[in-house]
Structures are given as structure tokens and as C-alpha cells.
């Protein structure tokens, strides 16, 4: 029953950031806020770093759900930005799907708030249309662990692969030699333990 | 191995509330009581809101298991109500199955107490007969997390989809534009964080 | 080193509700939101029930902290309501202290958001002025358990008594015979397990 | 600031079992039910074993709170049994205090349901009257850990000593040589790990 | 991908109790000891109650692993008892497999210590030979949750069904009317919350 | 037994940052790393913001303990910086104590790694010399919760006050009107939930 | 849907230890360090004990990731040791794969740091090439439980079997009679509870 | 209310190891076994390292409690060893107290199994006689966290100081310059994270 290894390929992957909105974020309680903020920004940074086509979408951003968090808007000023007029499943929005298909990529990396809706619904729709789907579990958040576990179960059973931003970065990069400096900077900015390793190492080897 | 996206359709779904009885509720210890009460009532409210045919059933309600919680009885005064004379698996009760089939729906949304029995048994039976089954994990409760995890595993392996009431509501509603007010009210009544978002929003935009 | 039993006396107690504001509530993560909402409303209901003078105060309610949650405003339409212009420690606000002293009570029951600031600061100030202080730990919330534990430690060491709303209600009521119906209703509305006990009991004894 | 060691003395101690009633037990959620049941019965067994005067009391036992658990009634058929007509703090009931004083003991071992009320109130009253109070923390239960921690803090600050049934038994017994068989049986009946040690030991040394 | 509902049938099921030995039990740390002891005895009681053929086996019981816990030996004095001379996977022991096949049953209910070895190995072997396997997760124990989760994953992926003793009892019984008294007694003896429900119920309805 | 309220006064307080070194940080496991990093930087920012004299010290920074984390060095380029040659208790280093006394402040705010050593030892020494000590519990870290709880107990019993960085900031600031913008920026930079509140608020009120 | 039992065979298994490096170990926070160290050394000891061909590999060991932990180097002085110049997925390194294929084994036992990268990537690659893969979950570590759970899900869905070192040892050994002394020593060295059983047993039976 | 800093002095301290017996250790479930074993051995190693007089005692070591763990016996071959004939509180044994007084030390460092009995009883007795008592919380174990918390509360209220082995070592050592090598070795042997720091450091600075 083993399946072929669906391996991320930076030339064939796009990133979908779904509903990381200032209001909705107050609903996220399955990950501690400092960690969640860091994970979302790490995912955004890696999308940037690997030059992956990235698509932003929001749900009802002029209502209580609130605006997209400004950091994401600032990082992707030219990305397709679909403020959905009402569709809960982003895949039900034609512009969103059009933007995805315009990238020509077949591997979709999805993160969002809340996991069981804003992530799971487009993930399931994308799988049905034959895309390979990679859910960024640690950059997606929801009400509590029970809800998250239910959502993971549903997506995983439908064929989605559950990954975290660090695994994504490593699988996309393939080989440190492609750019040691760049990857190390990404890790240093988002993994305090790794930053500490680098600080100690640099101090000992370069006296700085 | 991906399966087609079994998507909830409000015109093809029925809700089964199994054994939410005053006595049996004292057995539920895998979810904190305030949260559990809220989840069950939220599920009931959404069944009402989407006008889903709803079926109530109880097990031995004149014994220690106790009566159905009054709120559910009050919300669905005209729903089929099957006080089972002894069958533990509600599906073994002909009236219950008849009531389900009378709805003509093929998607069954099931919640109950306790998860591994009152939910799992009819869920497995329904799957065997070809229904699509959606277990409302956060409106179902049992003795402890170990028991719950075992039950989820069994149901999921048999093809049931694990969801929570919020995901159900969103998948059934599809688009906020179908009724912004109605859905927002449902959320405000059952999600304190969402209520707070609305309070702040309304105060700022409407001075109330 | 034992101290005299500082026992709550309903004729000598006032309730201070500090900064339960829609925005600030999104900071509370040491108690699950359904439970926290219930605890705050239970405290409010018992203040009402025992006719304890109650004082409401908010911090910067026209800014991001947001308005007082509407339920509290509605429950105490005639209570002193001090929208503080800037003082973080409510005790630094003369109107607030004046309102407290106007009650003539020497026992102060305090709850608020967030625990280590909005509760702890006035609690410490009140203790210093010779009041007996009862912190309602389960109707006060903050960022996380570590913060809460620190705040409890500081307040307890200064002489505050840590209690929960249920303990308060019981200590204020003293004897069920003072009003069985009233206290039972309070418990039934805010303790799902107690409500279930009553449902089963009433069904068996009164057929309802 | 060290205090003299208040050491339990089996000739000077009495046990108070407060409100271990079938209904109220459904409120206990800070200890898992199998463990709690075992702890309460272990405490009862040790009271029996050390022939400590034991006093039973209940609150409103004909209402939803339910009857005293039958095992306790059966173990202490001749113990003073005070079915309180309404007093929440058992110490407010004259018969209860009279029964305690009739024992002539100055060390009171208290356990009950729920901790912050049925245990804490009489504990605080007893301390005020100069008794030495030993709270059996693991045979007392309440809604959740936050409530328990608040109650422990209040009682401990007032001078109560927090102990568990095993510590009580050891401090009362003083020396295994007083009765090896008896104490070992008590432990074997209530500590599965100890029972296993004895099973292995007996098998190896006595072939049984 | 749904599978047929493999439903337990009391006429086609046998119980295998593997290595519940006094020494090995000290390794079990993924379930609290009072709860685990209760679960194992509940499973044994239900095997008795449903008259399921039961097979006992031990590993090296004369060494540090220790003897079978005496309660199990006492409950099943005439059950096949295979003290394995060395095989770790009980299924590698011919007598064990012969005893199973002699029962003529095709549904095997397995529990043991430790989960990933004493339970998983025979479970996997039995599945391979075409038996239906039901793992009693709460009567099986091991070093910690991480180990347990790994073992569950392996067994579940191989086709085993994860159940708990309560679910087993309910699925085997099918209908309360088959014997209300018997099942209620089983539950009352092993579920404190259920016992309390019965105590309150009986007191109210029968005055006892 | 109540004590006078020892209230932080920004004109009488100094900050001691003890051993936040790149190597030692890998020992901190009682707080998740993203959160801990944020807390330490928040404390540093508030020291800056309130212009509190700040003293840095390290232990054996040329060995495995590693260098001070660069962010702290960068934030306080002119602060006294005592690289201790060997004293484990920083208070045993004369330069450190001299630097503290040179500030003329009597309230010492201490944070460090690890809590039970680098924080507790100087805290206890400072208390003995009559300083008021405020331990920043969430900017201090150690091996695990058990160790932390022991350290808190020892410090608290000796008279230290346990606080968190947010409480410190609020107690030092006293009144929002002293500088709304400044304090809000501090909170926005270090409390994701607060940042989200501000984002939504600003968007609604200022269209940005 | 049951699969054949993929049973470990000591004549057909090799062990891959991937990136257990001194620096990377500071990233592991899903297992407590004492336990993790013990698990890794237990796995190494069992590889030795069963004479399984073992392959060591490291990633960038001259940088911040740090050197292989010395104990592993010391235990396998003659094992193939591939210090990868940059490939993140060890399987992308030809020497590594060549070393594996040179063993002629078809069952690969993999452990490493961090789970979702250093373990998951080669595991997925090996599965794709038709190897049977056994992940040693308790000798593999990563940032947190959420990350681990995602990685387990991905590997398990691809056909990897999740095991722990103890299960591995038992499945490889098959029968205690193959060498009682050797296996018992392995367990005694790495399972404190087992060591205690042996100590008590030996004392009673051999007076030592 | 601050007390003088009771600081450990290696010339005035003795270590009491109470009842670390092979059988009793199976009762310890508030600390994971690998961690607990390490902590106890670390404490023993530091007693050795600082040449603190150390006293061993056991309770009923020829019965189910089992023998002292052999490592402790081996480390202190010449230490006073009191196999108590029955006294549960070691302080009730004259030889034990005599051995303590013979050391001439006034600071007693106590660890043992189980915390609320074997540690708490002699700790309370020693405090009463005017000794300074330092409880090694992480080298003492008991049934569960609730029991531990009760025991800590009792000991702390009586004046005991709660410390962990690492804090002890640091407070006894005072200054790294007293012996860098020795202390570093102690830490490297018992703190995996510290060992890793040293491994990386040594590799970079000394090429080993």
C-alpha cells in the first residue's frame, strides 16, 4: 500500500495563505501565539526565499474577521490578493482558482486560519482536482487540539501530506550547497535554538 | 489513494443526536463540561438553522441513564424521538433506521454520548449501508482521551469523516452571502472569541 | 501562624469587575474561553443574586482594549461605572476608590482581565489600605499559566485570599435554607454537571 | 519562621468525611474517577484500621446531591452521621461540632467533596477554634485543578497541613513493627504497584 | 475505501490475556495504575460474563517478569494457561495458537503488557492468519504515550481494531434486554460514575 | 500577616540580566523557545523604554556557556557588563554589586538563565542586603517545571516578588497617559494578540 | 485491507543513524533529554548486540550542527561513516545509499534528528525504492509534538512502520532462549524499571 | 518577612539518602524513570565530589520494598548504612540520628522515596531540632504530582528549602575556579544538553 514519494519541488510548488486575518487570529488556541506568529512569518519568508508563487486570500476582511496581518501584505506586495466576497471555501472563488492555475504549479502548499475550514476545504477541493497538497500544520491554527486532530484526520485520509515549515524548507532546498548563507539566515531568524548554535559557532570560529 | 471530496450538502444531510442524556453526561470526561455543553447546543442550533432533519434517540431513559437533556427536547419538539427499549446500537432499532431513511438524506451527521458506543456503533452500521457519515467529534464525549482516540481510529478507518460543529456549519453554509446575519449570530452565540470580535467591531462601526 | 478565618459576609462585601473588555479578552489563554465566559457570568449572577454592591471599571475602552462585554453592562445598569482615562491600577483612579468606599463594605471580591495587572494591582492596593481581598481566580484570566501562577503568588503573599465563584457563592449563602430555589438556579445555570443532577432528580421525583 | 512539627498521633486524631455523595461526585473532575474512588476508600479503610473516631456528614442528601456513597455508610455503621438540613459549612451545624468535640481529639483529618467548600469551610473553622487540621488532598475532589489550587492556597495559608492518605497512614503507624501484616494489607488493597511488589515477593519467597 | 463493519459477536470471540505479570506491570506508565488495574479486571469480568473462551499466557514468569497477577489466575481457573518458555511473540508458541484454534473463534480480543510487544506481535500474527483482531487499548499498557501511539499505529495499519473494554462489552451485549441486571452490575463494579448514577437512581426509586 | 505593597517605581528600579548566553539557553526547557526569546527581548525593550539602569553579566562566556545573546549586547552598548571570571552567584562578584549600588536604586528586577541558580542566588543575596527583589519569571528559564517550581518556592519564601514582563511594564508605567504611543508599541511588538487588536482597531478607525 | 506482517528479521536488517549531532540535539524538544539520550544509546547498543550493519551519517558536521555525539562514534568505529557535504536527504548522497545497498539488507531501521527531515526524507526515499522501513520513533527527535505528529503521519501513510527501540529488540530477538543474559543486560542498562525488577529478583534468589 | 539567606556551605552540609530501594522505586510516577535515575545518581555523584558526609538508610529492605539500588551502595561503601528495622520516619531511628549528629553538620540535604513520607518525615523532624533542611526535589519521587505538591507544601511551610541537584551543586561550588574540570565533568555526565555544549566547544577549540 505504499505510495510513491511525493517530494516537493521548488519549481513546481505554489503557496496559498488563507485568511491569516487579525480578527480570526484571536480564535487560534491550539498553538501558543508567539510560536504561531513565528511559524506564519517563517513560512512567508521561505516562500519569498524560494521564490514560490504565493497567493493571498481573505474572508470578509472588512468585517469582524479583520484585515490580513500587515506583515504578510508587506512581504508579498505583488502577489495575487483575493479578498473573497463571501465564499468560505476559497476554492469556490473563481479568481482564487484562476490565480492558482495561472502559476502552472501542481504542488500546493497551504496554510491558514482556521485549520478545519480555511485550510481543509481548499485542500480537499485541490486534491479532488488532482493537485498534490502539502498542509503546513504549524502555520495553520484553530480553536483547540481536538478540532485540529479532526481536521488533520480528514485531510490526511483524503491524501494531503502534513508538513511543517521547517520540513518544507529542507525538502525544497535539497542541498545546503545550493546556498548555505541563505538557508542559515532563514533558520536563524525563526529558530531561536538554531540562532544560538550559530552565535556560539561564529564566536568561536570568527571571534564575532 | 485519494478519495473524492465528500462534501456536506445541506439538502442531503440529516442529524442524529444519540443519547445526550442527563445521567450519561456524567460519564463524559474527555471534554470540559462548559465546552461540551456549548458544543452540543451549537450543533443543535446549526441543525435548526440549516433546517436539517434531526432525529433524537435515547437509551433506557427511565433508568440511571436519565432523560434527554431538556434543551434538546425543547429545540426539536417535532423531531422523531426514539426512546430505544434496549438496543445499544441505535441502528439495531428499526424505528430509528426507518426515521433516517424517511428523510431521504444520504449524509448523516452523528453526535452522541459515549463516543465509542453510541456514536461509533451507528456510524459503522450506517457506513456499511452506504451512507456518508460525518462524526461531530466535539459534540460527542466519552470517558477519557485514550478511549476517544481508539473510537476515532475505528470510525475513521471504516470511512467516517471526523469533523467539528464549526466546520460543519461552514461547509453547509458555503457562502456568507447566503445569510451573513444568521451565521454570525450562530457563531456569536457559541464562540466567545467571535462574539468579542463582533462586539468590538460593532462598537467601532455602529457605536453600539 | 494561623490567621483568623476571614469569612465572607454578604452584608459586608462588594464586587469589583475590572476590565472584562471585548478586546482584552482575546489575551486570556490560561482558561478555555467557554469556561471563562461562564465563570464571569456566574460571578456576575451571584453578585446580583446576593445583591452585592458591584462596581464596573474599564481601561481605555474606546481603544483596542474594546468595550466592556455587553452582558455585564446589561446586568448592572445602575452600578458605578468608571471608564478610567488612563490609570492602569484602578485603585489609582479616585472615582473608583470613592465608589468602593461609598459602599461601606470591607470585603472586596475582585475579578478581572488580566490577572497580574488589572486584578493584582488593585488587590494589592486594597490590602494595603486594610480591606479584606478575595480574588476570584476563575473569573480572572491572563496570558498563560506561568503568568497566572506568578500573580497568584504575589497576591497571596500579600494577604489576598484565592477563591472561585462557586466557593464565594457557598460562603456567602451559608445555609441552603436561606433560599434553596435561588441557589439551585444559580448552580443549574452555570454548572452543567449540577444541571444534569437536577434534571435527573426532577424527572424521577416530579415526572418533569 | 519554622513551626513545630505537628505530627499526627493516632490517639489524638479524628476523621471527618464530608459530603462524599453520589450526586456531588459527578462534579469531581480534578482527579480521575478510578483513582478518586480508591483514595476515598483507602482513607476510610485507614480510619477503620487505626480505629480513629470517624464522623460522616452529608448535605441535602434527599435532593440532587444524592445519598452518601454506600461503601462509606457500610464501613462506619455506628459512626455519628449528620445529615445537615442546610448548613453548607458543616461546622455551622451544632451536631457536627458536638460530635467532633465528643471525640476529645485535637487533630482533625478532613476530606470531602467539593474541596473549596465542603473541605475548606470546616477546615478554616476548625483552625480558628484551635484544632490541628490535616486535609487529605487526594480524597477530596472538585471541579478542576484551578479551583483545587485556589482552595489549597487558602487552607494552607490559614495553617492547614496538606497530606495524602498514604502519608497519613505512615505518620499514624510510626513503625512497621506495630503491625506489619495490617499495614501491608492496607497498602496492597489500595496501591496496585505495592500489591505487585508483594505478589512477586511472596511468590519468590513462599512459592505463593 | 470503507470496509465492512467487523462487529463483535459473542459466539465468535475469544479473549487473549498476554503477560499481565506482577513484575512487568511496573513498566506500565501510560495509564495511571488505579485505572489500569480496574480496566484489566473489567476486561476479565466481561470475558467471564459473556462466557468468552479465554486464554492466559505469561513470559518467563519465574524470572523478574513475575507471576501472573493472582486475580486473573483466580478468575479463570480452567482456562488454558500457557507459561511460555521463551517466545516473546505468544503466537510463536504452538500451544498458544493451538489453544486459540481449539476455541473455533475467529474474532480475537487481545490485551496485554507491554502494548508494542506482547499485544502487537500476536495481533499482527493473528491478522496475517486471517483472524479479526480487536485490541483492548485500555487494558494494555506500556512505557509511555509515545510508545503506545507507535504501537497503535502499527497495529491499526495492519487491520486491527482499537477498542476499549466498555465498547467491547456494549458491542457484545447488543441489547440491554438480554440481561439488564448483569450488564449494569458489570458497569457498576468498574465505572465509579455509573455506580453513582445507579446509587442515586435506586435511592430515589426504591428508597435504597 | 499582610505586608505593605512593594510597588515598582521607575525612578527606583534597576534591571539585572544574568547569563542569557547562547550556550546556556539550550538548557532552558520550561518555556517554549519562541516564547522565551520574545519574553527576554520584551524585558530588554521595557528596560530601555523606562530608561532603567541595566546591568549585564555572564558566566564563563568564552567556554561552552557561550557568548551573551547578541541582541542584548546591542541593546545596551553602554551598560555595565560584567563577564564574571568564575563566581556562580553574580552577587559574589564585587564589580557586579558595585555596579548595582552605583545605580542608587533599591528595587532590583532580575531575570536570567537558569532560574534556580543565576536568578535565585543573586536574588537571595540581594534580599539579604535589604533590596526589594522582583523576579521576572517569564524571562528566566531552566531545565523543567519541577526545577522552576522549586526555585520559585525558595525565592518567594525569602521575600522575592514573582512577576512577568507585562506586569512589570504596567506597574512601572502607572498611567497610559504618560505615553500611550510608547507603551502600545512595546505591547504590539511583543504580544501578537495585542498587535492584532491594534491592527483591527487602526484599520477600522483610520483606514490603515 | 490488512497487509502481510512485515516482521523484523535480524539477518535482513540494517540500522541508519542520521544526524545525531551535538548541535542539532539542542533542537530536540519533543522528548525530555535524559530519556532521549537513553533511547539513542539503547538503539545503538541493540544494533551492536544483534550485530546489525550500522551506517552513520552527519550533516555539515563542521558547522553549527556540530559533531556526531562521541558515544556513537565510539560504539561503531568501523561502520560506514558518511559526513554529507550538503545533501539534506541522506538518500541523495550516493555514498550513503551505496553503503546501505552493500549490506544486502532489505529492512531499514532509521532514527535521527530531526524527525521530519533527517528521518522522514530518507525513509520516504527508501520506501519508494522498495525497502521495508522501520522508524525508531523514540530515538528520533524534533522541535515539538505537533511537528512529530505531522512527520509520523507522512511516513506512516507512505508505508513506514513506527516502532520503538524496545519493540525492535523484542522482535529481532524472537525468543529469550536465544540469549537470556544478553537481552536482560540490554534491558537492565536502559530501562530503570526493569533494572529494579532484576535487582530485587537477584537479591531474593541469589542473595546478591 | 524576609528571612536570612540560608546558603549551603560545603563544610557544613551532609547528605541523607532515604529509601532509594529497588521495590519502592516502582511507586515513583511523578518523574519519568530515566530522568529520576539520572537525578539520583547526579546527587550521589555531587555528594562524592564535594566530599559531603553521606548517610544511607533503608526501610525493610528484606521485604517487598527491596534492596537499596546497587549503584548507591557501590558509591558509598564506607558511609553509615542504617537498615531500619521498622521505623517509617528515619529520624525515629536512633542510629540514623546519631550518624547525622556525628557528622557535626547543621545543613541537611535530603532526598528519598517516597517524598511525602521518607523525605518529609525526617525533614520535619530535623527542622524541629534546628537543622537547616534542603530537600532535593528532583531526586525524590512519589506516586503523582498531587501527592508531591502536598508534600512540598507541608515541608516548605515548616521551613524546608526546596532545591534541585543542579542548584545544590552550584551553591556548594560557589566559584568555577575552585575546579572547572571537576564541575564540568559532573554536569557533562548528568545533563545531556550540557554535554552537547561541551562536545561542540571542544571540537571547535581543540579539534576533539
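Labels for the chains are A, B, C, D, E, F, G and H, by order of writing; each one numbers its residues from 1.
One rule holds in what follows: a contact is a pair of C-beta atoms (placed from the backbone, for glycine too) under 8 Å apart; a residue touches a chain by one contact, two chains touch by 3 or more.
Quick caveat, the model's predicted, so the values are computed rather than measured.
When chain centres are set by their Cα atoms, the one at the greatest distance from chain E is F. For chain pairs B-E and G-H, the one joined by more C-beta pairs in contact is B-E. Separating the centre of chain D from that of chain F, both taken as means of CA atoms, is a distance of 43 Å. Here the spacing of chain C and chain F, counted between their Cα centres, is 31 Å. Computed centre separation for the pair chain B/chain H is 54 angstrom, with centres defined by C-alpha atoms. In chain A, 1, 3, 23, 26, 32-33, 66, 191, 193, 196-197, 200-201 are the positions where the chain touches two or more neighbouring chains simultaneously.
Contacts between chains, counted with the stated touch criterion, involve the pairs A-B, A-C, A-F, A-G, A-H, B-C, B-D, B-E, B-F, C-D, C-E, C-F, D-E, D-G, D-H, E-G, E-H, F-G, F-H, G-H. Note for the complex: chain B touches chain D at residues 26, 29, 32-33, 144. Across the interface of their complex, chain H is touched by residues 1, 3, 23, 26-27, 59-60, 63-66, 85-89, 92, 114, 116-117, 120-121, 124-125, 127-128, 143, 146-147, 149-151, 153-154, 157-159 of chain F. Residue ranges of chain C in contact with chain D, taken from their complex: 1-5, 7, 31, 137-138, 152, 156, 161-164, 166-167, 170-171, 173-178, 184, 191, 193-194, 196-198, 200-201. Chain H meets chain G in the complex at residues 22-23, 25-26, 32-38, 66-67, 69-70, 191-193, 196-197, 199-200, 203.
Against chain A, in their complex, chain H makes its touches with residues 197, 200-201, 204-205.
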